[in-house]
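First chain A sits with chain B, and in the next complex the same chain sits with chain C.
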Partner chain A sequence: MILIPVFLSIILVYTVFAVYAERKISGFIQDRYGPMEVGPYGILQTIADLIKLLIKEDIVPQSADRKLFIAAPAIIFSAIFAGYAVLPFAPGLEASRVSVGVFYLLAIISLDVIGLLMAGWGSNNKFSLYGAIRAVAQMISYEVPLSLSVLAVVMTCQSLDLQEISYQQSLWIGDYSKISDSNYLLGIESLGINITEVGGFLTWNIFRNPVLMLSFVVFFVASLAECNRAPFDIPEAESELVAGFHTEYTGFRFAILFLGEYAIMLLVSFLASILFLGSWNSPFPNMGFLRLADWTNGYPGTFSGIAWGTFWLISKAFSLIGLQMVIRWTYPRLRVDQLMFLCWKVLTPLALIIILISGFWRLMMN
Partner chain B sequence: MINNPEVYFFYFFASIIVGSALFLLITKNVVYSAFALLSTLLGVAGLFVLASADFLGIMQIVIYIGGVLLLFMFAIMFANKLTGQHYIITEHKNLLSGIILGIVVFIIFATAILNAGYKEQLSYYPDKGTVSGIGVELMTSYVLPFEFAGVFLFVALIGASIVAGYLIKDKIKK
Partner chain C sequence: MMTKGHINKGAKNTYWGSIAEGIVSLWTGILLTLKHLFQALRFKREPIGVENKDYFSFDKGIVTLQYPHEAIPVPDNGRYRLHNEIDDCIVCDLCAKICPVNCIEIDAIKSTEEIGKTSDGSTKRIYAGTFDIDMAKCCYCGLCTTVCPTECLTMTKTYDYSELDIRNMVYHFTNLTPEQAEEKKKLYEEKQKEKAKPKSQEAAKPGVENTKEVGEKSSIKPAFKPTIKPPVSPPKSAEESNVKSEEISGTSESGEVKSEEKKVAKPVFKPVIKSPTSTPKPAEETGVKPEDKAGTLDSGEVKAEEKKAPKPVFKPVIKAPSSSPKPAEEGSEKPENTVEPSETGELKAEEKKTPKPIFKPVIKPPVPKAHQTGEEQADQENKENKAEEKNKGSEEPKSEEVKKPAKPIFKPVIKPKPKQEGEQGDQ
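Coming up: the complex of A and B.
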């Protein structure tokens, strides 16, 4: 319970700076400065924007379905925020350790779709409805490769519990993991190289089972589509649909929708870091007398464990968000048919092959 | 049992289920009934989780909300597009026979549940998750029904794509 305000404030602060970062990155890519006026290097620009947004008039269109229109932002944000309940932030620090963590997360995110549909329908505006229908079609389609790529990780770790998946990639696999007790190079025991004590990036899931590197790519692309981020932003394509499902929203309700959009970016980045990139573990391995992994990890349950864990997880997630932003400002938008081609004819078969191979890899692991 | 905090959660979820189910019946706007169904299904998922069936609760969300309900909504929206109306207004026909049928079914279920003696078997109350148990059982004792369900779904999938594909082909010919 105590973690709810913590997560909420993390999301708020992160969104303020993510919007600033987004504008600065777009400025850098388009060879301009971006916001420069408010505060040093324009760092207070988002706060000024936020104040402007909050004091704007709150408009509910006359012919809109008032109840649905008002309820939709709340449903969208709470569906996404509910996903944070199962994220392990550090060893011993998670809101709820449930044995169905990953599954719960994927299920609860799908409630987001209902909220989008409510917003698009309730606005009673053809742009909104088109945006919502496109968003829903895209999100449902891309949930298939997303879930399949997660399934490959679940097969490798043999658990749906996100904290268990994290412990398996850590130095404390022996003490805390319920399923396996040691890590081997590339996950294969018969190679005989025990790297349980080495840790670092070598025990990340993408190195415990190298096929997961491909799976990570599938996950990342599918998660871009789940967040409706460019190059998958046809639901809110501003040149055709004004702003998609949130065309009619103003003021505080628009702020909530915006918050939800940035919160789901953070959520999928956290999920990618936990599932593929070693969760809250340091990327540095122990090498001889250089005990880099020991120095940059804290023992589970101690203060340093929580501090290092949170630091590593958040920096991994923020790097992924930076990558998402660079991609947004680099690639053009996909057409609808290209979108469906990528989903059903490229990513889904690839994910199925990955599952097959990681099944064989799991057999070799022990 | 009465002092257990879980009882209050049970009443919370039960009131959500009953309240939104009543709303679903009373409202005349089909879109509202679809959203009332959403909260009914969420309440049922909550009851499943309360009964330590966490996997079943999440399955409820995935299948009924992520799948069935979404399909309903799409159908409602496209139907609305065809008629060109803002609302689809339903009518309450056969009110009396509906109420009688509902009460009779309720009495049958209630007597069945009260006579089944679940109270004596309440001692089994698993504390840990049910996922691994379900997984092992599905792949050992119940592998035949499991595979059957898989084949059925696969057939449905192929059928759907063939039906949709033929429609497109016909259009291209014309």
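Coming up: the complex of A and C.
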């Protein structure tokens, strides 16, 4: 319970600076500065925008379905925020260590779709409804490759517990993992190279099972679609639908929707980091007398363990968000048919093949 | 990095071809944006103008110019906000005349003496009571700066001077306060009166008769005369105040206003003279008054005062002499002549052409017989004159000459003196 306000404030602060970062990155990509006037180098611009947003009039359209319209932002944000409950930020630091964490996360994120549909339908506006319909079609479609790619990880780690998955990628696999007690190079025990004490990026899931690199790509692409981020932003499609499902929202409600949008970006980035990129573990391996992994990790349960763990996880998540932003400002929006082609004809078959190979790979692991 | 050349464009017709093309183009695209992203962190365009040889060398990095903090220098021949160095301005009015959008407004006040020299040695003889440039209207054509003989009107490099209130876009360049301007005007008028005195005195007696007659017949015109006369009789003060108020109200058009007043006054006298014996005066007066009111652009109050005050004054005077329109003409002509030298060439030309004809036509007809008709004609003329004056900011002598009624318009310039004459005569 204590972690709820902590996460909430982290999300708020993150959102403020993510919006700023996004504007800066888009500016630099387009050879501009981005915000420069409010605060040094424009760093307070988002805060100013936020204040403006909060003092705006709260409008509920007369012909809107009032209950749905008002409930939708709350459902969207709370569905996303609930996902943070099972994230392991550091060894020993998670709000709830449920043994079905991955399953719970995928399920609770799916609730998001209901909120979007409520917002689009309740607004009683054709743009909102189109946006909502597109969003639902897109998110339900992309949950298939998303879930399949996560399934490959679950097969590799033999667990739905996110903290267990994190421990398996750490130096303390022997002490804390309930499933395996040592890591081998590329996960193949028969190679005989035990890297349990080496750690670093070599024990990340994408190296324990190299097929998961492809799985990571599938997950990342599908998560972009799940977040309604460009190039999968046809639910919002400014040039076609004004603002999609949140066309009619103003003031605080719009701020909540906006917050939800950035919160889900962060959530899927956390998830990708945990599942594929070594969770809260340092990327530096121990090399002979250079005990980089030892130096940049803290023993579970200690303060340094929490500090390093939080640092690495957040760094990885922010790197992925940065990548999401660059991608957003690079690629044009997909057409609906291209979207469906990519989902059903490319990502889903690929994810199925990955699962098949992961199964075989798992057989070669200990 | 693969380039477009490596992409098999026809590949998109196949499943694997589409995927391969998609991956290659995605990779190419993200490398491109990442290149810009990192270049933007290291390189930046400098705020230099196109005349700088490095202008085209900034092909990388941020192109944004943070305007209020940095700005590309304005070229030397940039045409932006106007500035008038009023100390060097001879108030020749050329700039106002050539301006295609009429955004320069000048109220010239003649000086009684040489004011000084401009920095290029030109002699200044005219004060700028008003020198306003409405930069909101200005189209930045620069014509006014090219015609300015002393080159005191220039276009500066200041281009960032927007205002919240458009009225603030009017720039006042005069170095006189309204009070000072008023003072200069009075000074000039008094000077003119002094100059006119000697001549008017010569024809004073006849002039007096004329004026008296005129006063009797047409009370409206007398109103103006009174202004001149003030010293002689009580009504003068009222008249003066009237005149002043008129001038004040018409600050921008003060010159015109005065001229109008003067014009009105003169015609009045002549017609009046001719019909000394008739009783219709009141009717005429009433009829004339409205015309005057309409004719004078000034406030109704001023006119009313003029009309009321002047009449009583004149009436006593009028009754005595019933003849001798000629002297009046002479008197009027003389003052005109005296005026001419001091005024600018243009003014002189107008004066010369217009003044004489104006008086003669008006005066002569009445003398013979029909006072009433003459008066009526005069009234009509006055009306026409006024209308014309209103319509025409600057009068064209020729057209006016052709139309006799029009002539009075010119007189205004000259007339100030006639008033003096009238005053002298009264005295």
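Operating definition for what follows: the second predicted complex is superposed on the first by the 366 of 366 C-alpha atoms of A that agree within 3 Å, B and C clash if a C-alpha of one lies under 4 Å from a C-alpha of the other, contacts with A are read in each partner's own complex, and residues count from 1 in each chain.
Operating definition for what follows: contacts are C-beta pairs under 8 Å (C-beta built on N, C-alpha and C of every residue); 3 or more make two chains touch, one makes a residue touch a chain.
What you see is a predicted model; the values in this text were computed from it and never measured.
In the superposition on chain A, A:Leu117 contacts chain B only, with no contact to chain C.
Of the two partner chains placed by the overlay, neither chain B nor chain C lies in contact with A:Arg97. Touch criterion met: A:Ile25 reaches chain C, while chain B stays clear of it. Judged by the touch definition given at the top, the superposed model places A:Lys56 against neither chain B nor chain C. Once the two structures are superposed, chain B and chain C can be ranked by residues of chain A touched, with B on top.
Once the two complexes are overlaid on chain A, none of the chain A residues touched by chain B in the first is touched by chain C in the second. The touching residues of chain C, counted against chain A in their complex, run 15, 19, 26, 29-30, 32-34, 36-37, 39-41, 61-64, 66. The part of chain A that touches chain C in the complex is made up of residues 25, 27-33, 36, 326-327, 329-331, 345-346. Here chain B touches chain A in the complex through residues 31-32, 35, 38, 54-55, 58, 61-62, 65-66, 69-70, 73-74, 77, 86, 128-129, 131-132, going by the rule given at the top.
Residues 63, 65, 67-68, 98-100, 103-104, 106-108, 110-111, 113-114, 117-118, 121, 124, 129, 133, 136, 140, 143, 160 of chain A touch chain B in their complex.
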